[in-house]
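Heads up, the next two complexes both have subunit A, just with different partners, subunit B and then subunit C.
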Partner chain A sequence: MSAPVDVSAALVAKSMAVSRWSAPAALVILAALGFAVPLWLRSSFYLGLANQGLILGVLALAAGFLMHQCRMVIFGVAAFYGAPAYLFAIASLNWSWSPNAAALFAILGTMLASLAMGFAIVRAKPLAFAMLTLAIGQMLRQLVLITGLRPITGGEDGLNIVFNGAFLGLSQSALATPARFWPVAWTVVCAVVLMVFVATRSRFGRILRATRDNEERMRFSGYDTFAPRLAAFALASFIATLGGLLQVLNSSFASPELLDFSLAGNVLVSALIGGGASVVGPIVGGVAFTLGLDQFAASGHLELFTGVAIVIVIAALPDGVEGIVARLARRRGGGDAQN
Partner chain B sequence: MIAVQIANALALASLLTLLASGLALIYGLRDIMNFGHGAFYMIGAYIGHSVAARTNFWLAVIAAPAALALLGVVFEYLVLRPLRHRGAIDVALVTFGLSLIVQQVIVYLYGGASLSVSAPASLSGSASLWGATYPTYRLFLIFVGIGGCLLLTAWLRWTRVGMYVRAASQRPEVARMMGVNTNRLGLLVVCLSTASAGLAGVLAGPYLSVDPSMGGTILISCLIIVVIGGVGSIGGAVAASVLFGFIQVIGAVLLPGIAVLTPYMLLIVVLIWRPGGLGGGRLE
Partner chain C sequence: MLRIEDLCLHYGNLRALDGIDLSLSQSGRIHGIIGPNGAGKSTLMDVISGRRRATSGRVWFRGVDVGARSPAERRRLGISRSFQRTSIFPTLTVIEQLELVAARVGGDDIEKVISALELNRVRNERAETIAYGDQRRVDVALALLGNPRLLLLDEPAAGLSRAETTALFEHVAALVRERDVTAMIVEHDVEAVFGFCDDITVLDLGRLLMTGEPDEVRRDPKVIAAYLGSGA
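Entry: the complex of A and B
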């Protein structure tokens, strides 16, 4: 009687083994092919849009990771977008640092600040967390607009950055050229996708999801629920910071608009378009959203597009953010849901 | 001088109380964080501007809350009811999206420039406040703010419906089992919340400016207040509004350069000291 069961179990195991390796293999091939995009996408306008899409995708990946793994929504994602830009600008303009040093400073500075904030806010309930991050983003926006800091932050006008040398061998004008910038953005995209891929499939990811589903049970089972969530927040901050850094390397401009909280709408919609299913989804969502946004840019109704997109995307996903998770869990036969 | 600053703090707190208590009320009863609250406030201000420009200010004070209460019914049936089985974050996102749409519609209808509303003749002068002259309109705001708080407290504490609201916010299932119609209660609370946002909007007209970014700006303040007050607590929201008003005004006097940052510092200090906020977290 047991033989058929064993055979089917073996088949399941085999098919799982195939599916387990087919996804990473596809990702590796995709990553390699991605570098060739400038070869066939000749229009520098659309390549520039695609670059913007990748940057939005990186932010969406960070927000989506935290949303799906921890049910924590970063409404103030703009803070991670604007802070590295300003730090990079200040290090370049006021201290005449080289772009490499300034970039490192931007990442470390933003990460230190976000870790300090993380200590205070990852304990908060989901909605309170969302609002706290929103408040932090808004605080930064107010900070750069303070009249007294105008010599440093440039106030409403923002800061036009002049690079002191080359960033990893690329000059400022090269970084502003879509075809030259693409490999940089694509490398970052591949790296962060890999980071999230590994994080969600590790023991760390399982702890996060178990904590998300029932924190009390995890604590009761002897797990520390604070450190993993702080680590998840730090990872998301790091990824979003890389997105902000890409932005400033490409545009060499830091302005208060980067810190506008409506950015959260774009990022979260991109993450939702991508869904919780894959680590690639938010990147695709970011590119798709940027292309959609471009259609509205001419008419000057960017925020209208964001608003309509949010409502439609949420209405079109009948079970919502949490529903995607549940459906995925069912599709995987009730096993350990990856997302 | 000190009396004037205290009055300034209270005037700002009055406006914020009207908004934050409505936000806390919906959250306490329905677990909905309405990111569109600032949009309702803005719609109230623009309706107030239109009505006040054509007729008079007092009619606007009645018309804007009434219109917003009706809008609350629409909001309840078209947005909140269809989304009632969804997570809190989904609802928050949809209300956020709707507020972006409303803002664009307002820009389309009224333009992006800042508009002014003049206070009615009876309130446009100034009164004597322990030797200092003070705008009558702000005293009126303080009066409305304190009156609103007292009315809300009395309603929650001493009326049958208020008791139902408190009960449903603590144990919705038990309240339903005991025969409380929580659907009707939910509708009532949403209307009350949007109407008070509308009232705040029309009252803000002569006090602050009327422009398309007013909703977003005040929403952030209200969210800070609700978090400081302990999410969902009315008493906490009122206390936090007053605290917020005072911190803002004191900041403007003592640290004029960085006054805009003081609310955020307050938020951080309160959360480090008391992670759950000041209130108990439920309507009381």
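Entry: the complex of A and C
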């Protein structure tokens, strides 16, 4: 009598095990295939756009992670994008540091500043938090424009960087070549996706979601809610910093535009297009948004078409591209929807 | 266990708590707090648990003045609470949230709590999808984890039917006796309070009217006048 039940239970268990591993397996396959993109996308122009899309996707992943896990909207994401570019440029030009040392300095310097910033603002209520990040980003933009600092920051003109050596074996011209830069950007994308994937599925992720759901109950359950929020902010800052570093490695240029608040709009829209709740969605959103911007710019009505497209996409895809994928997967009896 | 000395909480001219003195020394008992709306019942819970800071007075718990301690610290010391409005983690499953809280408060009693509060059939459901009565029990379960020494339940039966209320109070009473916990319950359901509580404190307009056993409280003229009415 018990045999059929056992077989059925075994099948269910096997199906659950397959389901549990399907998402990571798909990510690994996707990561491997991604390195081959330059083999079939031969156009330097479109590969260059795709590189920019990846960078925007990295920023969108950072913003989406904070938005979904902590309900914290970061309007000042440009601060983490522009700051490492300037630090890299200053270390390269003023101190003649090698690109590797300058990159490390850029990451550490930005992270130190973001921790100090996070310490001051993560306790704030969501709207106040969003506006504080915006204010800090704009303060940074004004800082680099101060006339007295022009010898260091380049003022309105920004800083053209000349590398003193190679970055991880890649010369400055190689990093400026889309096909050579792609593996660097893709490696960073894979790394940050893995980071967020692990973070959201770990106990840390559960603590963040519980704090987002009900911070008061967390405090009355013996939890300190400040440290996890600060850690989440630091992780998002770190990811966005890597995005800024990619940008400066690719363009060899740091300018006040990198610190402009309008970047936040592109980043948040990319996160919404891809689906801020997922790990891959924001990357897809970043690439799609960058390609879309290029097409709309060619039409001569960039803002108009961009606005219409954003409204249509968000109305039609409230959970982003990731939402469609998740629905299809559920229909086929596939993977778990991410929290 | 718990000693409250001359506790006051004022909002301008409003005296939400006005010189409350109360002592709960015996464990394994349920202490009810009753009184009309605005009497200060939930405010008293809030001050004991650290949700609000008293204007003056002291709260001693197991010999420690906890007045300046955060809610998280009080929880780790053994003061636990549920809330008037259900306070759970909606997007986590029942078992996920119980595990999360148990990991912090050192509880290895999740299965016992699940079993005692009959939450097994919803253990893998997201809390936002389960019935209201189950959500109330999850709220109580979160408070019970980690073997707290003082359990504060703020209207645990709010919104529940008579049968659900009785069942919940029976579960709580059994757990309190079994674990030798002191429970303090604010509840408007007078029948449940008089049926399950060992002692009752009556508050009115922020002042303590009396403390005593249920029969004593039921017969007290001041309590009848202020809260129970002649039909009680």
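Couple of notes before you dig in:
Keep in mind that, in the parts below, the second predicted complex is superposed on the first by the 279 of 339 C-alpha atoms of A that agree within 3 Å, B and C clash if a C-alpha of one lies under 4 Å from a C-alpha of the other, contacts with A are read in each partner's own complex, and residues count from 1 in each chain.
The working rule: a residue touches a chain if its C-beta (ideal position, glycine included) is under 8 Å from a C-beta of that chain, and two chains touch if they have at least 3 such contacts.
Here the structure is a predicted model, which means the values were calculated and not measured.
Of the two partner chains placed by superposition, only subunit B is touched by A:Val308; subunit C is not. Between subunit B and subunit C, the partner in contact with more residues of subunit A is B. In the superposed pair of complexes, A:Arg217 makes contact with subunit C only, with no contact to subunit B.
When the shared chain is aligned, no partner comes close enough to touch A:Arg42: not subunit B, not subunit C. Once the two complexes are laid over each other on the shared chain, residue contacts for A:Ala130 go to subunit B alone; subunit C is not touched. On the subunit C side of its complex with subunit A, the touching residues are 49, 51, 70-72, 75-76, 80-81, 83, 87-92, 96-97, 100-101, 103-105, 142, 146. Contact residues on subunit B toward subunit A in their complex (touch as defined above): 27, 33, 83, 86-90, 92-94, 96-101, 103-104, 216, 220, 223-224, 226-227, 231, 257-258, 260-261, 264, 267-268, 271-272, 275, 277. On the side of subunit A, the complex with subunit C involves touching residues 203, 206-207, 209-210, 213-214, 216-217, 219-224, 339.
The touching residues of subunit A, when paired with subunit B in their complex, are 67, 71, 73, 120-121, 123-128, 130-132, 134-136, 138-139, 142-143, 145-148, 261-262, 264-265, 268, 301, 303-304, 306-311, 314-315, 319-322.
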